[in-house]
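Both of the next two complexes hold chain A, though its partner changes from chain B to chain C.
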Partner chain A sequence: MRVLRFAFALASLAIGCAIPPSRSSTEISTRDMRLSISLESVSTGTHVRASLVGPFGGFDLDGGDSFSLYAAGQPTALVSDGVYTFTAEPTVRSGDFVFDLVRPADRGARVTIPTPPDTELVADPPTARWLPVRWTPSEGFVTTLGVQGKCLAGGTVTLAQDTGSYALDLASLGPKGGGCTLTVTLTRSAAGSAYLLGEPWMSYTARQARTVEVAWTP
Partner chain B sequence: MDSLRKRVAMIAGCTLLLGACQGPDYQAPPGTDGVAPLDLRVQGVVRSNGQVAQIEATLVDTAYRSLTGGDSLVLSAPDGASRVLESSAASDYVTSYVAQITTPSPTLTLELVRRDGSRHPTTFTLPPGFTITAPSATSRSTPMMATWEPDPSSPVTVSVATSPPTCSVAGRGGSYASDPGSVTLQPADFANVAGKCTVTISVGREIKATPNGKLGVGTVRLAQIRTLVLETQP
Partner chain C sequence: MAWRSGLVAAALVASVGEAHAEPSSPDATTTRIPSAVEEVRMAAGGSLVSGSLLEGHGSRRPYLDAAGELDLAAQRFFTPRVGMSFALAFGPTLSKLSTDRQFFARLDLALLGAAVRREGVGGGSLVLGFGAGVSGGDRYWWGPIRAYPYFVAKGRWLASRELTFHAAYAFSPVDTAAAKALWVMEHRGELAVGVGLLQTGVRLAVTSVRGGDPYRTYDGVEAGVFVGLGVY
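== the complex of A and B ==
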């Protein structure tokens, strides 16, 4: 009798292990899903990457469930890699990015991620020490300016306030002597998260990068 | 008999414990008495803010040395200011000596004075002195430039701090191989806060001393440091 019981328990375990975890969204509560979003605005548009996972990893959107993106108000196709990552390459470079999870049989969720205003980075003629740059100012983002070039060690300056202009002090960035082409990069970034029914449901990073090259002779 | 044995054992145990609590047997640093002045090397820093000169020094040959046998160290300036160095932060292994004199002079002399009255000097020549000129306006909405007389031969370090700290990001300034003679604080360097903001700009020139005179010189940093405090408005 004991042997039978043991065999039954073993068989039950084996059967349980053989059952694959759910791959259908219809069997996963929205509350158990997790959304992670990354936005990177570059000169040609915005790289969008979103991952939507359940308790056991990726799943298929079934039963009329859908996951959509509106980039600056325009519907934008999200391409699934068949596992759990969605990507898009819209040409828009700024505005609100809205992610919409629609579920006929469960709670839906809408996430809006703001991005910095569109801008170009403009470099004014540098002097032996100063390199003035300009851009469209903004608030609410961490703003940094990075400088690279073969003729200086380079570095990054984090601004306390995004005023839309700054004169980079090239003398403090380790000049090596001689001139070269300098690459200046403006980066504005933000990160955030949101809760759904008390659970940490969504996190995001948004980053805007613009570069400009300028010839410099100290 | 057993009671006597127990007592002896207890006394022996306590003695061992007390011995352990006393720790290792440190030796005081060896003295300078009898060591030739040129075999001793001065290490430390000599600095000036334009009004006061300070020295922090140790003496070393194969080990740190403390002044013994009537030896003393004296710091002096050409204008007559002079002071005997006093021991500070002494430990079992190293004794530091410090002194401060009121002088604007960038040339300072340190002498080892022996009991017999013999004097063994070495001279320290600090980088050129300078004065930081405050910007004409102190509004954080416009660039503020503080300037000083540059010295192309000395590297310079500029540091900027604010009070309250939330007024600005820390770390503006930097190290310059060639003295730029100015630092500019821009509106983007300040956080968007209301009210006063105290900005402290420190500029330091530093070089290494070279051996000269009759007293040995090791690594001695020679510095000129100036500080400017600005009360800024939004």
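== the complex of A and C ==
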């Protein structure tokens, strides 16, 4: 093996090329990997995107290494783009998303990302000024309500506390006169990180978005 | 030194006896018989260094360096059986991976014992010893400054007054990188042929560094050639 490597080194030097780093995960320490995860829960399921990179960029999982996802307890296939990004589109809309890196010859790592409870956004009949909306409450997430429509300037309200209901003050959102269909969007998001042996190893963002349309006449 | 005196006396006798002969090829009157153990040598060489280095906590990255080297080596025996050696090497190191590898120097000192020593044409020696070395610079990725003990074995065959063959092997079982939980073993070998003062040869060094997280081996192979002037 050493002879082959040296022969390759000679050839590389002769043609003026450096030796490219290996793309095999077996050459990369778990502690040198970095994982970033993005979850976006929508009405049809959850968009999952994870990137797992090493000090030389992307790599192939070899040597029995595996990277798995369990969405709300269900094994979910992660599809690699061949570089370093993994994607999945589970129909699950909430619950714990567990990412499991298993390495027979190195440290494994398991991270759990909580998502807000599943919900639907319900709009009650609006008045000339108020638009009441309801959803399943939660804690630990940044919750915002956004309103858009042709008949008002629109805007976003960040809720100090997620109680599961809120009355939007349409008069404060720049009504232009006349009525239209309003689109109300509830988003709840969180971001965090995890450490491996005292060093940042994983970061994530989790976002839930729900929309509802309602006709409004001031 | 008695053997040298004897040789000189014999040469003088031969010279006197052939005072009226035609000049011929070098013989005992003009060419000194090389020593089986003594040596002073200056050489220049180049080598390629290929292997893998530890990056981060335990990732293995391949590398390829080219190194130039000037070295000065001396081996002196104070008694027929006991001597010492000195070797200084330095030169530039060019890396294909980075520009921070530029220069290195290495100094080795060893105490030697001649297990076998037979002077004269057809003779030779087998010398064993141990010593310590220190290197600085960027040639060795696991430490800008390292010190190490080593064991050495050297062989020499005096094929004729002009032609000599040399072999050397050194083994270093550990170095100061052990303080950083890196266990370094180094094998260095050299084969050379001397024709008169000229000596040329090849070098091969194999290093293995164990450590990191996960614990594994980082190999390196260095191969090169050299040419120099040696007096034995």
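Just so it is clear, the second predicted complex is superposed on the first by the 201 of 218 C-alpha atoms of A that agree within 3 Å, B and C clash if a C-alpha of one lies under 4 Å from a C-alpha of the other, contacts with A are read in each partner's own complex, and residues count from 1 in each chain.
One rule holds for everything that comes next: a residue touches a chain if its C-beta (ideal position, glycine included) is under 8 Å from a C-beta of that chain, and two chains touch if they have at least 3 such contacts.
Note that this is a predicted model, so its numbers are computed, not measured.
> Under the stated touch criterion, which partner chain does A:158 make contact with: chain B (first), chain C (second), both, or neither?
first
> Would you check which partner chain A:65 touches, where first means chain B only, second means chain C only, and both and neither mean what they say?
Neither: A:65 stays clear of chain B and chain C.
> So which one touches more of the residues on chain A, chain B or chain C?
Touched residues of chain A are more numerous for C.
> So, does A:107 touch the first partner chain B, the second partner chain C, both, or neither?
Second partner only, chain C.
> Determine where on chain A the residues touched by chain B overlap those touched by chain C, and list them.
In chain A, no position sits in both the chain B and chain C interfaces.
> Which residues of chain B touch chain A in the complex?
Touch list, chain B to chain A: 143, 168-169, 173-178, 180, 184, 186-192.
> Taking the touch rule as given, give the residues of chain A at its contact with chain B in the complex, in rising order.
129, 143, 158-163, 165-167, 169, 171-175
> Which residues of chain C touch chain A in the complex?
48, 50-52, 55-64, 66, 96-97, 206, 212-214, 219, 221, 223
> For a test of understanding, state which residues of chain A touch chain C in their complex under the given definition.
Within the complex, chain A contacts chain C at residues 2, 5-6, 8-10, 12-13, 17-22, 27-32, 54-56, 105-107.
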